[in-house]
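Each chain gets a letter, A, B, C and D, in the order it is written, and its residues are counted from 1.
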C-alpha cells in the first residue's frame, strides 16, 4: 500500500504513520518527494485495510498496491481450476460447456421436453429456476420444492447435470440436495452469509456477478466461498447495469478477459440476461465463445410466448439449434487458433463431437491446418 | 399497458394480442396509427406482466403505463406514514430525526461513550453494526451477538432507541429481539426472503436503497415488506454507484424527492455512506435537511483514527456537535418556510430539544436571540 | 406518442390536451382506463416534441411511441448502406474491413513503417491522429497539418485509404482535404455544428459513439449528418463509461447489434479504446468479428513503449500479425455460418484474400459445407 | 507517480524503468516489497504522462500520485477567485448569485417579461439560449443572432447581466460580443478547440460539467481555459448521467464539495437540468444553497406550457417567487452558520437585496420580524 501525505504534513504526522505501520507488523518506507512525502507500506502477507491509515492526520490518500483477493488469484494458484462432474469438465483449456433450460421450471412436461431437446443438440447441463428472485411480489415466484423434484426427474430421464438457484441460507440445503451445481444469483452476490454457506457445500457453486459489482468485489465474493473451503466456484458474467436502455444490461466481456487473466476459476457468460433480447443471444454467444470463455448459459423455452418469466429472452427450439450450429463452428475455429498460437488458452470443447463436426465442415480435411500453413497463409495476405 | 405493434404487423397478429388480453381478463383498445397500430390494455387492478405480450409475434414493445407498486404509493394511501416509537416519531411533516453511532460496535466503552455524547446533543436513535457486511472475508466482521447485548446496554443506560442491521433470515430473529428498528442493508435490498421475513416482523424496518437499484426496484422491495403485513418501513437513500471516483457513492437527492412525492413512507438520508468522506457529511446533511426529508443517519466515532471500519467517514465528537448546530439552524429555517408556504411539507423538528440545543450551541447566549425573539420569532412566523 | 393523464385529471384538462394535439395538426384518441385516461396522439410524419404536452396540467407523463430518428432507420431505408472507396467497400454483408495505425502520427518514418506492415497483413485503411483531443493541455496534442501531410505520403506510398479526426469546424476543411474518411470523435459526438459541417462534406464520416451517449442519441447525431445531405456515415462503437475500473471503458456489443438491426449504416468496433489494454484487443476483435459487424479499428505502433499517446493499448507488429491470423479464421467461420443460415447477414470479407486462406485452412476443400451436412452434424451431437 | 512492477519482473526491467525516469528528468526511488517491487517517481513539476512507463515490460500498473491539474488547484492559488461584474460578484465567501431565464430566447416579449420579473425578485443574471444544442435536428434550434440582440435589449432595459451558450468556435466570437458571460455547455466540455478559444476571451466563462465527465476531466477542461490566459472560469454542476430514470440526471453535490475544496474557482448548481422536473427545482436549490455553493442557475418561463424547449423543467413566475423566498431564508441561515463556525465558507449573499426581498416576499410585513429583529438578529449574530 502507498500512503500519500498532504503537502503540509508535519514530520510528526509522517512519524505517526510509520509507527502505526510498524505496530501493525508492517515495514514503512518513506519516499520524500518534491511536493509531498509518500510512504510505501510493505511486508504484508494479506491486503491491508486502508482504514488503518486513511484516518491518520496528514494523510491525503491511501493507494492499495496489492490486490485484496488471494485464494482466487493466479498468483496464488497458477493452474486453471477444472471442475469435473462425471464426464463433464468445466474450466481449463479443453472445454466449452453449454448450460441450457427455461428461466423457471413450470411443469414436468415443459422441463422434460426442453431438456430432451437441448440434450440432443449438445447441451450438457440443464438450468431451471425453482425459486425465482422477482422484482415484484406480484410476479410468479417459482414452483419451489416441486420444481426441484421435476429437475431431479429431468436428470433421471436425460442424464443431464442440473443447476438451480438458491435464494437463501435455508433453501441452499434443499437445492444442494437436489442439484449438481448451486447457483448464487446476481442480487445475492454480496449476501455474505449465503456465500459462507456455499463455502461449506460439497457442490460446485455458480456465482453470478452483481448488477453493479466491480470485478474486484465479484472476486472477493468468490474469495468468501474459497475461504470457507469450497474451491469449486464457477464465475458467470451476466451483464452490468449502465445508463443504456437498448438492452436489459451491458455484457462486460472485458471483465471476463480480466477474470481469465487474474484468476484460475472457470468463467461462463449468460447472454440471455445480459441482453434480455432473444435476437441478441446467438450473436453474443458467438462473441463469448470466440473470446475463449469456458461456456455459456442460455434460456430456452418450448413456448416462449407462454413463458411465465423472461419469455422475451428465451430461445425457441429452432433458435437453439441454430445457436449450437454456430457455436460448433466458432469452437472449431478457436481450435485452429489454439493450435497455431503459442501460449494461447486452448478451447478444444471436447465435450462436443468435433471429429464428426470438423469432418463435415471440412476443417479436418487438411492436417496441415494446425501446423504452420495457417500462418504462411496469413503472411501472404 | 400500451402495446406497440411492428409496422408490418398483420391483422392476425393484432387480433392475437387482443384475444390474449381478453383471456387474461383485460380489455384491449386498438389505436390504429398512421405508421403502426398501438393497443391500449386496460381494466387491470394490478400491474400487468409484460412477458404476457412481449413475446407475441408482431409486437415491437410493451410500455407499462401504471406503476408496478401499489401498497407503498400515495395513490393507495394518501397520508404520510408516521412511525411512533415512544416519544420519537419518524415520518409525517412534524419530525426530523437524527440517527447516530459508530459503523460497528467495537466495545461497550466505545458504544456508551458515543451514545452518551450524541444523545446529549439531540440524537434520538443509536446505530451500530453487530454483524457487518464486509467486501473482504479478511476484514472485521462485527462482534455478533455480543454487539447486540452492548446495544441493549446502550438503550438501558441512555434511553436511546437502537437500530442495527440483519444480514440474513436467521440473524433477523435475534436482531429483532434486541433492536427497536431492524436495518436491511443496500446489498440485501433484493434479498427477497429477507424482505419477506421483515414483512412478518413487529419491528419497523429501515430499508436502504441498493447501490444500483432504480427507485422503482427500491419501492418494489418495500412493497414486499408491506405485502407481508408490515407497513412500518423507513426508506434510506445512501448514494448510488456511478462512474465518479471523487466520492464513495453519489447521493441521489432526486430519488428522495421522488419517494416523498410517490409514497407515504418516511425517508431518511445517509450522508456518511453516500460520500464516504468525513469532510462532506456536514454539508450533505444540511442539504438533506433543507430538502425536507424525515431525518439522517450518520456515523460518529470517539476515535475515528482507530475505527475498525469506515473510519474515514466517521465524524468526531466535535464534528457531530457542529453538525447538530447546523441542523438546528436549517431545521429552524425549514420551519419558517413551512409556516409561510402553503402545501409544503412541515418539518417542525420538534423532537429535537431546541431550547437545550440552542443553549448548548451558544446561540442562546447571544442577546437572547433564540431564547426570546429569535425563537419566538420563528414560532410567530 | 401516448399521453398518460393523472388519475384525478379533469375533463377540461383532457379536452385541452386533445385540442392542443389538433392545433398541432395531429389526431388524438382518448383511451379511458379503469384508473386513468391515456391519450394516443397519431397522424405525425415526424416525431413529436414531448414538451408540447408534458407541461399541460393533468398530464402525468408522455411516452414516445415512434423512434425520433428517421433517415438512419431501416424502416426508412431497408437496404444496407455500402460505402465504396476504390476497391474497398464498407458495409453490407460482403465486407469486413480492418482499419489500423498509430493513435497519433509522430513522424514520417513511424507512420510509413507501421503502414507498410499493416498493409501487407491485410489492413485496408490507415488511421493516425494529426490533431489529438487530449484531456490535459500538458499532453502531446498532435503534429497538426504536418501530420496530415505525412498521412498523404502514406497513401501515396502504400495506396492505403487514410482516416483522421477533425476536432472542429475549421479543422474539418483541412482534414477533409487530406483524408478519405473524416472521423468525429466520441467527445464531439454531440458537437452539433461539427455534425452539420460533416453533413455538407463529400467525404464519408466515421462517427464514434459518445462515452455516455445512448444509442438513440448516437443515431440522432448521425441523423444530423444525413439530414444535411451526407448519407455516407460509418458508426463506431468504442466502449461506454461505466463504474467498472478493470478496463478503460466497457465495450457495448448489444449496441452494435441494435444498430445493425435498426439502421442501414455500417458499424465497426474499436477494441483499442474500448478496453484500453493491449492484452484485450485481440480477443475483443474476435468477438466483434463473430458478432457480424463491418470491421474494426485498432491501434498499432512500431514501438508502443515509446508511443507519445495510448501506448498501453497499441499492438506491436507481432500482435497485429496474430490479430490478422485470428480474424481470418473467424471471418472464415462466419462465412460458413452465413452460407448455412438463411436470413443471416453475410460477411464474406472479400477484401481479405479468402480463396487463398480457405484453401490453406481447408475450409474450401468441401463444397458440402454450405449445404445441410453442417446441420446434420449438429443433430448427431 | 508510483510504478508497480509485476511479481516476476526482472532486474533489467526494473533498471529500465529507472533509467527511463532519469532520461525524462525525474528521480526514481525503488521500493522493494515482499511480493513485488514498486518504484516511486519524483521530482516532477507537472503531472507525468503514464504512457511513459505503462508500456515498459514488467510494469503492472502506474498510479498517479499528484493531481494532473495545476492552475485551477488551491495548492496553486489558495484564495477564492472572485469574478466581479459591475456590482455583481461571483465566488468567494460573500456572494450567492441567482441566474434565471428561459431555456431558449423565443421572442423579445417573452425575454423581457421574464427578465423584468426575475430581476425584481433578486436575480442578477439573465440566461437565455440563442443557439440551442438539441439532440434532434427536428427540434427548435434557437433564434440565433436575433436571440442575442434580444438579450442585449434585456440588459439595456433591465440592467441585468447576460449569459448565453456558444456552440462552437465561430459562434463564440458573436456570443462574446453580446454577452457578459459565455457559457460552454455539457456536450462541449471536452471540445478542446472551443476551450482554447474561451481561454483567449476577455469574458468570464461558465463551464458546465459534461454528462459523464469525472471531476478530474472537468477540472482539466477548466485548466485548458486558464492555461490559455483566461482565469475567470465559473464551474457549473448540472447533474450526471446514471442508470436512474426517475430524474433527467443525478445532481452530484459531492462533486461541488470536492471542487470547492480542491479549486479556487466559483461553482454554481443548475437544478433545472439536473432534475429535469419542475417540482424538484425549488428543493434542490435549497439543498445547493445550504451546501455553500456560489449560486444557482434556473430556468423560468412566463408560460412553461408553451415553452419551445425544456418546458417541463421551467419554473412559473409564482414558483420563482417561492424559490427566492426560500433561498433568502436558507442564505440567511447560512449567514448565521458562517458567523458561528470558525473556518466555514461565508455566504453573506449580500448581492441579494434582503430588505427588498423580505418586503416583496411578505416576510417583512409580519410583525417586523425581518425589518427589525428578525433581520437585525441575523446581522447581530
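Assume contacts are C-beta pairs under 8 Å (C-beta built on N, C-alpha and C of every residue); 3 or more make two chains touch, one makes a residue touch a chain.
It should be emphasised that the depicted structure is a prediction, and the values quoted were computed from it without experimental measurement.
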Discussion item. Please report the smallest number of touch steps linking chain B to chain C.
Written reply: 1
Worksheet item: Count the touching C-beta pairs: is A-B or A-C ahead?
Response: A-C
Item to complete: Starting from the Cα centroid of chain A, hunt down the chain whose centroid lies farthest away.
Response: D
Worksheet item: Using the average of all C-alpha atoms in each chain as its centre, how far is it in Å between chain A and chain C?
Response: 28
Worksheet item: For chain A and chain B, what's the span in angstrom between their mean Cα positions?
Response: 32
Item to complete: Spell out, as numbers or ranges, the residues of chain D touching 2 or more other chains.
Response: 212, 241-243
Item to complete: Enumerate the contact residues on chain B facing chain D in the complex.
Response: 212, 214-216, 240, 242-247, 250-255, 257-258, 261, 274-275, 277, 279-280, 283-284, 286-292, 322, 325-326, 329-330, 332-333, 336-337, 340-341, 361-363, 366-367, 369, 373-374, 377, 380-381
Worksheet entry | Complex contacts: residues of chain B adjacent to chain A | 46-47, 49-51, 54-57, 68, 133-140, 167-171, 187-188, 190-194, 211-212, 217, 220, 223-224, 227, 241, 304-312, 314
Fill in: Residue ranges of chain A touching chain D (in the complex, touch as defined)
2, 4, 7, 29, 31-36, 38, 40, 42-45, 63, 65-66, 75, 212, 241-243
